[in-house]
Amino acid sequence: MVDAQGRPGGPATPAAPPPGDPAAGAGWVDAPPRMGFFTDTSVCIGCKACEVACKEWNGVPTSGLDLLGMSYDNTGALTANSWRHVAFVEQPRPAGHRGGSEPTEAPASGATEFLGMPAAGPPGRTGTAEGRSDFRWLMMSDVCKHCTQAGCLDVCPTGALFRTEFGTVVVQEDICNGCGYCVSACPYGVIDRRVDDGRVWKCTLCYDRIGAGLTPACAQACPTESIQYGPLDELRERAAARVATLHERGTPEARLYGHDPHDGVGGDGAFFLLLDEPEVYGLPPDPQVTTRDLPKMWQRAGVAALAMAAGAVVAFLGGRR
Amino acid sequence: MGLRDVLLGWPVYRQLTGADPLGRGAAAQSARSAALTPRTEAADRVARSVCPYCAVGCGQRVFVSGNQVTQIEGDPDSPISRGRLCPKGSASKSLVTSPLRQTTVRYRRPYGTEWEDLDLDTALDMIADRILAARAETWEDVDAEGRPLNRTLGISSLGGATLDNEENYLIKKLFTAMGALQIENQARI
Amino acid sequence: MAEAHPVGFQWVMEARKRGAKVFHVDPRFTRTSASADVYLPIRAGTDIALLGGVINYILTNELDFREYVLAYTNAATIVSEDFVDAEDAEGLFSGFDPATGSYVQDSWQYAGHERDSGSGHTATARETAAGLRHESHGAPIAGQVERDETLQHPRCVYQILKRHFARYTPEMVQRVCGLPPEKFLELARAWTQNSGRERTGCLIYSVGWTQHSVGVQYIRTGAIIQLLLGNVGRPGGGVLALRGHASIQGSTDIPTLFNLLPGYLPMPHHAQHPTFDDWVNAIRHPGQKGFWGNARAYAASLLKAYWGEAATPDNDFCYGYLPRLTGDHGTYQQVLDMIDGKIRGYFLLGQNPAVGSAHGRAQRLGMANLEWLVVRDLFMIESATFWQRGPEVATGEIVPQECRTEVFFLPAASHVEKEGTFTQTQRLLQWREKAVDPPGDARSELWFFYHLGRRLREKLAGSPLPRDRALLDLAWDYPTHGPHDEPDAEAVLREINGYDIATGRPLAGFAEARDDGTTAVGCWIYAGVYADGVNQAARRRPGGEQDWVAAEWGWAWPANRRMLYNRASADPQGRPWSDRKRYVWWDESAGRWTGHDVPDFEVTKAPSYRPPPGASGPAALAGDDPFVMQADGKGWLYAPSGVLDGPLPTHYEPAESPVRNPLYGQQGNPTRKTYRHPVNSVNPSPPQEHSQVFPYVFTVSRLTEHHTAGGMSRTVAPLAELQPEMFVEVSPELATLAGLNHLGWAHLVSARAVIEAKVLVTDRLVPLRVDGRVIHQLWLPYHFGFEGLVTGDSANDLFGITLDPNVLIQESKIGTCDVRPGRRPTGAALGELVDDYRRRAGVTPGAVPPAVTPGVPIGPPGSGGDGEGNG
Amino acid sequence: MSPERPPVGERFRREMSGGRRGRGDAGLTVPPAEFTSYYGRPILKPPVWTWEIAAYLFTGGLAAGSSLLAAGGQLTDRPAVRRAGRVAALAAITASAGLLVKDLGRPERFHHMLRVAKPTSPMSVGSWILAGYGSAAGVAAIAEAAPLLPERGPLRLARRALPPLGRAAGLAAALTAPALGTYTAVLLADTAVPSWHEAYPHLPLVFGGSALASGAAVGLIAVPPAQAGPARRMAVAGAALELYGAHQVETRLGLLGEPYRTGRAGRLLRAGRTLTAAGVAGAVLAGRNRTVAALSGAALLAASLATRFGVFHAGVVSARDPRYTVLPQRERLARRRAAEAPDG
């Protein structure tokens, strides 16, 4: 099947640094508490202040001028030129994912559904105000997850990507040589190479600001505290309380994403409260750091290398002269 | 920089000798990264201002180095905005430092097809002359029944909602004294 | 609110966190809807029907906050027996004068005051947008009135109100607005349940209410609900206007408006105000209650501030220097006059009418027919380059070589390059410090107008002409500083605040203004902003170090009061209505009003105070008259004066509507201001023929990512990329009907213009079922124009010019149009397309549909009035 | 603003052309759950690597195979084999270095690769392997130039010292060659690219086999048939490894095998297989004919090239379509939840 070596996500491999304290695992002595973002999409109003404030502070160039027709999303994704990205999802129905058992009016095909895209027809499905009364407009400010086990950092061959004393993951622009490995290693599709620059760029969690005790630009600007910045432990507690409140108030679909230190990346330094399945927002449902399998990869490569050597030996010794 | 410094600065050496053998954190940090500080800390001065866009009146802090605005961000002290800004307010630095801003007087002569340059002082003088001429040509002393009018309907103005109270005060005062009453702004729109 | 005022919206989110329920009413599902508990899609232009339904719900079920209503509103006041309600006359109130299309208000008055009301005929009031004066105070009427405390008298306001809205049932709301009754009832229930002694609800609006031909009455309807529910003058209550420009409130307080002088003093009218006394006596009603009674002191002090030593009691403080109104001199009248060649010169000060004003083509044609134009802005805006790059150049209507307009573009200083105050939406003045010098030739308006005035006075020096006296006698000596001789903004603020002329001492408040020439006050409502010689607007005590009212941040007019009419937060005896809603109350032991805010009341006047007979002004206010700027001290459920299109709000269809008014024979507001000018055409509405030529309703508004006409956002890269192109939002049903494709092109046609836009097909717009028909609504952002980093056709080009009668604000929140797939034609074909539509719709350019719908009976206009409009 | 940069939407639209409203893979044992993607946009960033990296996979393998061939020749005293192998190895590794530097966003910073030594980064490991291997392969190849040096004069010493140095270097290169030939499989697999990552058990075989086959091809082309017996056998061994690995990749990955079977990647991999079969058949059946041997060698080189590009493209495709990201992860989640359920 898909994952031949499929296994339930368990604790991190012994080689990995202890969960929750990546800074100590990266050689930082007496590191300050791990800092992060909690992005509560249930209060996001989609204003994009985070996108702009980030650009203003970090001098990020524009992404380009192009109407994408993806609701009010015209930057498209997290890119080298958008370190915060607000996703907009227009939903005529309350939830994105349907299990097979649920009755649904939609065809049960494995279809990639193009919301609002110029596909087979306009996206209207019901036709009356009443029928669309359960309409939702989800907004979510996405950002680099600053994984506890960060694939980008693991694979970076130059040390341009490094773990800071705050437990965040930062690209050093003076070091990066644009090899592009991190781009493919990120399970969230965050880090990206800037076309006319050649280096990769992403959220630094405002490394310069937080070093001076300031709040990152996006969190400082956010009008509704959808983006909260602080010590990760504190944020996790706050987030759990918020989910409980939402469940109490009749929003059972509220769930956290990236908060679990036991998930495939050891938990995110920037985690989220979502109101639908992650993939609805363009997030992977079960990301895993690729280097988790690295020991086994080297093992298989070793076997293949031996096979190769053996092949050569046999070729020379095995035949007549 | 001697060979010794090169070696000491080589992250591989730090990997082998420090607490970060895998080269993922402290050992990989560059000198530039270690020395990073926010540019707001280096500002010569901070002006306390107010966002120029909508009428919520969010507080802004304008950081200046030399005569250059280096950052504009929300003022956490403001009980109105609590340090927050919307995308427009957050773009204020780009607004005031935009390369598209016009910084010289431009003049289009009657029937002209292109812009021309004009000295600011000359422009002011030309405008004053045109006001006086328009006033002279269109002045109304009294109405048909001899009641005072004291006005010109030859001059109009539109704008003020993005300006300061002090500016609106002088605008209204001067226009009123010159008898121009067709003064309007966005509040009518 | 989340869409256009995101940072203000944090307080709504804060309230939601504490359990507040948020309802959002909008023709389209916006970012605000996404954050609301309940979203109500409504047919654009029908808010009075919806709100009237709520009033009916309150009165039918007797859910009003009776103690508040009885004591603080005019519910008990008896109205003249001459009054005939619109309910009884197909939508017209008594007193309509068809000759002027306006009302004679005598029959609307309180009983016993029919003749001495001083209001009378409103034709002139309409021409001069007199409604704007009431931003700071009520209309002048007599203070002492007949009342029925049982509210049973058939002519008491309460009963009139009840009858007026009796037909605004949930079913009628559905017929008019397209809202399902259960949604309406959810709103009505939540609103009433969340009001009263223990709870308050607030109502927030913006130009979605004002930019209508019945705009003022929308807000009146909201105010009636809030008064009935006791939500005015109390914390968490109110009718809150979200204004859209940094100091648009300030530019009304210190007006750059034709009909006002600072502090809402009216610009004198040539016929009504020949003398200073006539003028002052028209401002305040003799014998009225309240603080507006001191208008003479405010007026005299303003003239002293203007003309200084030249203004003396003997020469009526140079009152003769003031220019006089003769009618409508508003911005739309001006534009039509420009087209007709009547105006020589035009100043644009940070404003871009080529994009931002209704009927963009008329705006551009007008500007192309001036002698000279001065544009002061940060960027090269459309209003500066219309002669070179405007759409009319493409169609050949403007030929640069034949366009005579001389254009001066003067770069302006930005908000960080000058100091001064903005007045934000809650009347709060905040001082801005200067951060840097403006670049190059850029200068502040303060610099420009000060030096322009200086130069004009130099050029006129020694002039013997009487007309030049006003300029030469002007008090125009402000201290300057710096290499460019920048005038001192703080000195101007000091003059605005006012000072004692003999000592130079800044006034502590407007109560110190005198009518004898001993004080000069530039704007009486701002008196106190420079109290004690301290710039109070520059106060910045951190919010975290203050209570939630934060009285030491900036300065609010009047008297640093953060909530108006806050006496109403206490009961008639001066006790808080409830503990959790305490705000301002009477401290019996100290013998004064106290609380979290500056009391909006004479601070030592006991709740038990009753005025002696014959008192007037503040002394006539009883200890339980909280509405101190109203002439009778009461909140007005019924407006006997001051509102020109009726004492009670009434649902009229917009000037352009595909729907016949389901409530009345009268289709539109009979008093709306129209212009017969060849450039201005109005799409037909029922019962006129051919309304189906423009079958769809369109509405325009803002996007979070852009600002007004785009001059400060389409020019800024990080904003431009977020909304990079002009688009139109349509429902999937309309897309199917009209053959539109997502991200394809469409063009929209009205009798004025055709514009094109990219199509966004979205479920956020829904077709509404109205009176048995399906009504499709389209939405457009109005930010786009042909300059800047991102460009597109201007939505405002589609609108014609029809105005609200009270304040002369245009109806630019709704119009009718047709929509077709593909790009619009260019060149001459563009005009032909619009001509063709006009032909098919039977529209004659310049013709205006009748004010009174044919078949609606018109009663006698009554007597009185100024007579001028009758000619 | 940089006008030369393509607008952001162009980029997305290009990327989205890979995605489509496709049906789920018929070979899946469980019907795929319906899911809603974000406008069909990829969740992952497709690799920014361009053809240089795919080409490097080939040249690196070629170098590794060639060094093994050379070492075999050296140890079994087949000078022609040794010489061809060493020269081909140097040429291939030089090309590799050039391709790798060219693919960098900041080529002038190529030396940053040796700034750190990170066992967690296959590229870092590869850089150090490349540095070690490259030096050895270079010395070995240069040693082949010893006979050309003058017998007198200062270079006389070099002429004498080079052959033993070359022998040592040749062996060193051969020892590191299998690592060079297979680490690139880890390089691809150690990413979030679904079809690369899930193929990690099999890709090393494909790459190792392909490297071996391409080394053998050098022998077939450059060595007289009389000395080319080992090369022919090496071709068989390499082809066997490669075909076995490729078969595993295409059949054992479920949905994620799809990109290897369809589209451009599928065509390239099929072409690779055909060429491999043809090359091996030619070598074995008619390898004593110099022309056929050379043609067979060329076929094997082309096969290796096609296979590398095929694997490369399959990964890119899998990263571009959110299906390949979401569906396997959803299944993994479902399995985990089932395992965590109280009833087991």
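Each chain gets a letter, A, B, C and D, in the order it is written, and its residues are counted from 1.
By our rule, contacts are C-beta pairs under 8 Å (C-beta built on N, C-alpha and C of every residue); 3 or more make two chains touch, one makes a residue touch a chain.
These are the chains along with the protein names UniProt gives them: A = 4Fe-4S dicluster domain-containing protein; B = Dehydrogenase; D = Polysulfide reductase.
Computed from a predicted structure; not experimentally measured.
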### Task
Out of every possible chain pairing, name the one holding the most C-beta contact pairs.
B-C
### Summary
Most central chain, judged by mean Cα position vs. mean of all protein Cα atoms, is B
### Query
If you average the CA atoms of chain B and of chain D, how far apart do the two points sit, in angstrom?
56
## Note on the structure
Chain centres from averaged Cα atoms put chain C and chain D apart, in whole Å, by 71
### Task
Can you check how far apart chain A and chain D are, centre to centre, with Cα atoms defining each centre and the answer in Å?
29
### Query
Do you know which chain A residues sit against two or more other chains?
47-49, 51-52, 56, 62-67, 74-75, 116-117, 154, 159-160, 175, 223
## Note on the structure
Within chain B, the set of residues that touch 2 or more other chains is 11, 22-24, 27-28, 72, 76, 84-91, 94
### Task
Mark out which residues of chain D touch at least two other chains, giving numbers and ranges.
1, 8, 115-116, 118, 120
### Query
Quick one: in the complex, what on chain B touches chain D?
10-12, 15, 22-24, 27-28
### Query
Once bound in the complex, which stretches of chain B touch chain A?
11, 18-30, 32-33, 36-41, 71-74, 76, 83-91, 93-94
### Query
Given the complex with chain B, which residues does chain D contribute to the contact?
114-120
### Query
In the complex formed with chain B, which residues of chain A make contact?
22-23, 25-29, 47-49, 51-53, 56-57, 153-154, 159-165, 170, 172, 174-175, 206-209, 211-212, 214, 217, 220-223
#### Entry: Contacting residues of chain D [partner chain A, same complex]
1-2, 4-12, 19-24, 29, 31-45, 47-49, 64, 68-69, 71-72, 75-76, 103-107, 109-110, 112-113, 115-116, 118, 120-124, 126-127, 174, 177-179, 181-183, 185-187, 189-193, 196-198, 200-205, 207-209, 211-212, 215-216, 229-231, 233-234, 236-238, 241, 245, 252-256, 319, 321-323, 325-333, 335-336, 339-340
